[in-house]
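Read from first to last, the chains carry the letters A, B, C, D, E and F; within each, the first residue is number 1.
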Amino acid sequence: MSAQTPLSGYTYTYFNIYSPTDGVAHVEINRPKKLNAFSEPVWLEFGRIFTRLSGDENIRAVVLSGSGDRAFTAGLDVQASSEGSQLFVEGPDAARKAKGLRSHIEEFQGCIGAVEKCEKPVIVVLHGVALGLAIDIACCADIRIAASNTRFAVKEVDIGIPADIGTLTRLPKIVGNHSWVKEVCLTARDFSAAEAREVGFVGSVRESKAAALQAALDMAGQLASKSPVAVQGTKELLNHGRDHGTVESLRYTAVWNSVAVQSEDFKKGIVSGLKKTKPTFAKL
Amino acid sequence: MSAQTPLSGYTYTYFNIYSPTDGVAHVEINRPKKLNAFSEPVWLEFGRIFTRLSGDENIRAVVLSGSGDRAFTAGLDVQASSEGSQLFVEGPDAARKAKGLRSHIEEFQGCIGAVEKCEKPVIVVLHGVALGLAIDIACCADIRIAASNTRFAVKEVDIGIPADIGTLTRLPKIVGNHSWVKEVCLTARDFSAAEAREVGFVGSVRESKAAALQAALDMAGQLASKSPVAVQGTKELLNHGRDHGTVESLRYTAVWNSVAVQSEDFKKGIVSGLKKTKPTFAKL
Amino acid sequence: MSAQTPLSGYTYTYFNIYSPTDGVAHVEINRPKKLNAFSEPVWLEFGRIFTRLSGDENIRAVVLSGSGDRAFTAGLDVQASSEGSQLFVEGPDAARKAKGLRSHIEEFQGCIGAVEKCEKPVIVVLHGVALGLAIDIACCADIRIAASNTRFAVKEVDIGIPADIGTLTRLPKIVGNHSWVKEVCLTARDFSAAEAREVGFVGSVRESKAAALQAALDMAGQLASKSPVAVQGTKELLNHGRDHGTVESLRYTAVWNSVAVQSEDFKKGIVSGLKKTKPTFAKL
Amino acid sequence: MSAQTPLSGYTYTYFNIYSPTDGVAHVEINRPKKLNAFSEPVWLEFGRIFTRLSGDENIRAVVLSGSGDRAFTAGLDVQASSEGSQLFVEGPDAARKAKGLRSHIEEFQGCIGAVEKCEKPVIVVLHGVALGLAIDIACCADIRIAASNTRFAVKEVDIGIPADIGTLTRLPKIVGNHSWVKEVCLTARDFSAAEAREVGFVGSVRESKAAALQAALDMAGQLASKSPVAVQGTKELLNHGRDHGTVESLRYTAVWNSVAVQSEDFKKGIVSGLKKTKPTFAKL
Amino acid sequence: MSAQTPLSGYTYTYFNIYSPTDGVAHVEINRPKKLNAFSEPVWLEFGRIFTRLSGDENIRAVVLSGSGDRAFTAGLDVQASSEGSQLFVEGPDAARKAKGLRSHIEEFQGCIGAVEKCEKPVIVVLHGVALGLAIDIACCADIRIAASNTRFAVKEVDIGIPADIGTLTRLPKIVGNHSWVKEVCLTARDFSAAEAREVGFVGSVRESKAAALQAALDMAGQLASKSPVAVQGTKELLNHGRDHGTVESLRYTAVWNSVAVQSEDFKKGIVSGLKKTKPTFAKL
Amino acid sequence: MSAQTPLSGYTYTYFNIYSPTDGVAHVEINRPKKLNAFSEPVWLEFGRIFTRLSGDENIRAVVLSGSGDRAFTAGLDVQASSEGSQLFVEGPDAARKAKGLRSHIEEFQGCIGAVEKCEKPVIVVLHGVALGLAIDIACCADIRIAASNTRFAVKEVDIGIPADIGTLTRLPKIVGNHSWVKEVCLTARDFSAAEAREVGFVGSVRESKAAALQAALDMAGQLASKSPVAVQGTKELLNHGRDHGTVESLRYTAVWNSVAVQSEDFKKGIVSGLKKTKPTFAKL
């Protein structure tokens, strides 16, 4: 992946942002020596990037991967977190410490959750080591593609706390085997890409990181060529459907689409379907 | 299927309604030349049929399929929808157009949702082409059986809008692999019956439409011989469980069953279980 | 299993409670001649046991199985329930009968739901006959391991009522193939351990009851050695995630962990991770 | 009120529909000899009228009152309901009777709830006898104006059932004195217009039916002259706000207004505000 | 009140239970020397009493007051709570202490909440000192009647914690002046019976404790003479309405009443309404 | 108020921030020539100020008022909003415009909602002109105190749109007279401070702006002297109670207080209550 084109204007400390195809951004976590682990400055930057991509009309689909061969991410940079962190902040009492911790956790959740809030679809490529925070991030992405060598674990129990950046919130809603969900979250045991595929955590497995990344880029390119009104609305409504009852979500859909169907894209879509032509859709 | 018995009194323009067994209605979409596509008169009739079946005490289970060998349904009849439709209605401004569209979408949702609201279990037989609206309908049915030749797609993105008749609302709640759900909804790609089975969208796959239909009719016949208090209550409570939290749903269940257990069926069920006899249950 | 050590102080009429390892309780339904069926005194005792285990700081994980080779449980003891039960109580009218039935169902739900409310993880070992109430109980457990000979069925439709002790509430939330969920609940048909595994109802299948029980005990032992702050919080937050929207559940998680991360366990977890040592965690 | 102009095309059996001003419909319950009581044909017609007014672009505000001096409505026509009604339908068992009753209640709820669903604001004029169903109806209206002689009561407890057409659902959400709400619902005691005003159930009290009706017609006329995009959206969003949490409702508002602000009305409103002119708004 | 008749079989340590009229229980907090303050044994007994009354078919309405002239209750018995309480329990860390505290708070909430869960209407008579826990209790009651000398305060802020036994949960739902709710909860200032009446916290104010109690007993007697199916269902449905959206609550109401209208009481109510006789209703 | 002390470090363009007492911030909208109207830079700054105050441990209570004698705020600066605003942005179609508008509304909602999210109590002083956005802001504040000359209106209907910055979401939850809420929102009519008090929208009315401000500052000073653990937790739990069902909110309260009661403040509160001393509480 050495010769990738940088995405113009997207220069960051901990991430490389490439522009593999028109309309696609490829975000690469770039701390390979640290197994792409996340310290606080890393996740703050991560949140800023996805918030920016969400509002950038030139971007229609995003791919996320880790740099290097070893890891998507090893999760929290425990070393950094244990030094001078808010996590061990002193305070006169537990309630006072709790206030700072609550803010800290919510800010952290917000940075990772920026992937879910990003209005463009996000495809995550999981490879190598994918522990702890890797799962929180993957749960926020829309589509999960894994290299066959991925080693997953919901690791937080082994550092003595329940996972709090989203895995325990989202995993029960997106994987249909709760016995498995409980087992991997409670035991913190490793699971393979094949197992992740079998239980429905990832959508597909490829033989290598390169192949997984290529599949993700191909899919992102395809999504970028489609109507952004349709694609972004579909992401929004699927996430709404996951979180709300049927009556509620159908009404929201009707309100949403009462303006979506007024787009040019709908006319273009209908016409090109009838004429068997390939439409081009404006930015959104 | 040529020699099927019509269901007495159920004569419709776009649908054949058969009476294959006592207590079972078989609804067949009957526009084979149009690949069983739905224009507005079709879905209005569809809604009326399922509302009527819901209240017909002679019917205890419903099977739904498409006529002909080619398609369950190709989805929206785009040709018809693009002619003189409300979808392209003029109006002085976007807000005024939106009002009509909102009503239009909600009426359409209501007609398809009549399958879910139907108090009797509905088994859908998917075969051949099953695109767009086919998925909305299938998500409303209780049990999905597919012929091996079924070609599925959540097609709406390719006509430039998010699906709005229920797929995006219901699919995340009924399939336990959200990566796959997002992928097929965002890309609009085809998927096969085998893939649908693997991810849990359909319950089983049969080698042909005929075999799938036979399996559905057999199951419907079996359901029709069981206690309608038990069968219809089970449908109601499973749908409630899908849409509500556990505490909420347990309470609703207790209130519901405080009268259900006062039925004759419970006594018959207990007695026949102890005596190893086969009970007969009255209409509901 | 003859030589198991009883758990001190836990003497009950219908259950054996063993202490296989430090921190683990093994609850065995002990009515093998009745196929471990549940009459009212059985489920009342069952509720009391799990409530007590929940509050017992010496216990960190629980395994539940049936005694004998034939059954986990055949479900409701229909014979006992049909004799002198509230279910057939006379009353001046349906509304008056309903009140007693509602209380009866809610008390029954509460006893079985004590497994879900138990703050310690519960691993259920399913084997042999596992009908009706067996499924309600299994849905409340966190992890489900089945022996290959298990014969499952959601049997209630065949006694003329919708299941009301939790299956219809919980199954749609924990299994990601709703077509299958509806089918087994509506038809009351048997399904095998292999099928249960394939659709995601159980986490794994072992060749025999003994092997399944051993796997459960091993996993329970492993859980008991981990941080109870992490393990019990993980159970709580996964159940919360299943039942609430994402925004709601993330906030609850932040509030929960604002005190959880103040435990010693977090410090121990971090340190032992960095030093590659194995920590010991205090009771909770 | 004798010389009122009928609303063209709105001819009904139990209701007079007048056209007092452009854009306003005045619905009058017209069974004065029966104290405007509701039997089944009355409420079915009532539902049809409000559904039709909701979709009639010529109507922008609705006033509802009873004909004659004696009553808004005495509520359910108990005599009619006790003759040949579904309420006393025979059936083989309580569960079977319950099914019919559930459908009956839901249809009845739907007819009265058509006032709430009506997209135009509905002002109800309460006067004279206003018992039982009168309160259900009043709770569905947007604005309640009472004549000083109104005699209210939530009467259902005195016919031996909890009110089921909406009072118990809506009253706790719209009146901010729950002690009072519980008292009048549990005791079925009468309360006066003055008391209704004091606790916040009605918005204002006028000295006579004529004065109350005039105030309602004046307000309706005023509402009809305003932007229908603004007025109808405000009704929708206030009802949404009442029924949803803040986060949920703010999001729905943003989606709703993303098209509402694209109306001509917003531009006209802004311009006329700056220029101090009076705008005219197109139909919706 | 000296000559009241004890309610047979209801002998408790901290409460007197009287039987003023057929079907009515009068619960009197009996620690006048402690201003009727609650220590742990007091609230545990309080919970048991209301749970028992809920299930006692001879009781149809409950009145709750404090003994003596000085206080309804001064709230938490701080002296007792500060001695040997769980509140100051030692523990190795904040997370471990939190577990015990959570259980403690939930048990306490459950005991006070037994008033809300009690299926019979509960009328609370507030008089004299009514601080802290007095408000939590009053919020759980259905109807609040105050003596004019009552001195109220939501006192918890002044002992350094947010109120946690229900006031902050329920008060915003039952009083329609949130500015006032926030003010009295944040400042912990006293407020009078007149102010409580003005903002809608209490339903009425009487000149003395004796008059308030008499009004409560009269109302309770009246409620006890009405249909218990109607009265208890009304309590249930009003509480449901307060806590749920309209669609949800209407459906629950329809399911509930599908059995309630099958009671004898409905027939008796209809008949006695038509014949102007006074019906007698059986126990529930 | 000319001699107020600025709050150190809080220098802003459109707002004065004073430090009237230890722990109290007084935010004054400072565009008196524009009647304190809000253009986009104003609300962005407003959001930043309240977010900062929320996290500033030196601040324990906030007062908000308008500068000058004429207005709290006249609401949206319509002139500024009609020039070069996103509101009239051109776009290829309605769906594309809707996206920008949605973001715009949500950002605006977020800035005003920062008052509700601010963890410290906010007391708003309403005076003079208080239109449109004034109500949105007031609904977010905790306590509302009005000068007797305040002229209120929910003005948005008169600019042709439903209010979208929070009034329609929050007003139905905080005022217990829905007839009045609907009336003032649908008609956009003025209402006085006295009327606002009568229906429960404001907590109290004072004879002048100066008196209202003094009352607010006094109350804020009092709140700042109390336990911040208690005060801030009370705000959080009351807002939670307003937005959630009872069961949900009681559980959240128990989790929240399981750490709050571990504060020093609780011990100090208990001790000072017993010893009748006045405690001093540390920052939070």
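Rule of thumb we're sticking to: a residue touches a chain if its C-beta (ideal position, glycine included) is under 8 Å from a C-beta of that chain, and two chains touch if they have at least 3 such contacts.
Bear in mind the structure is a predicted one, so any value in this text is a computation, not a measurement.
Looking at the partners of chain D and chain F together, the chains they share are A, B, C, E. Taking A-E and C-E together, the pair of chains sharing more C-beta contacts is C-E. Of all residue numbers used at the contact between chain D and chain E, under half are used by both chains, marking a mostly different-residue interface.
If you average the CA atoms of chain B and of chain C, the two centres end up 33 Å from each other. Each chain gets one centre point, the mean of its Cα atoms, and the points for chain C and chain D are 49 Å apart.
Contacts with at least two other chains are made by residues 94, 97-99, 173, 175-177, 200, 229, 242, 247, 255-256, 258-265 of chain C.
Residues of chain B that touch chain F in their complex: 94, 97-98, 247. Those residues of chain A lying in contact with chain F across their complex are 55, 92-96, 98-99, 103, 119, 229, 232, 259-265, 282, 284. The part of chain A that touches chain C in the complex is made up of residues 78-79, 81-82, 87-88, 94, 97-99, 101-102, 105-106, 109, 113, 116, 156-164, 166, 168-173, 175-183, 185-188, 199-200, 239, 242-244. Per the touch definition, chain D reaches chain A in the complex via residues 252, 255-256, 258-259, 262.
Those residues of chain C whose C-beta lies close enough to touch chain A in the complex are 121, 142-144, 173-177, 200-203, 219, 222-223, 226-227, 229-231, 233-238, 240-242, 245-247, 249-251, 253-271, 273-274, 279, 281.
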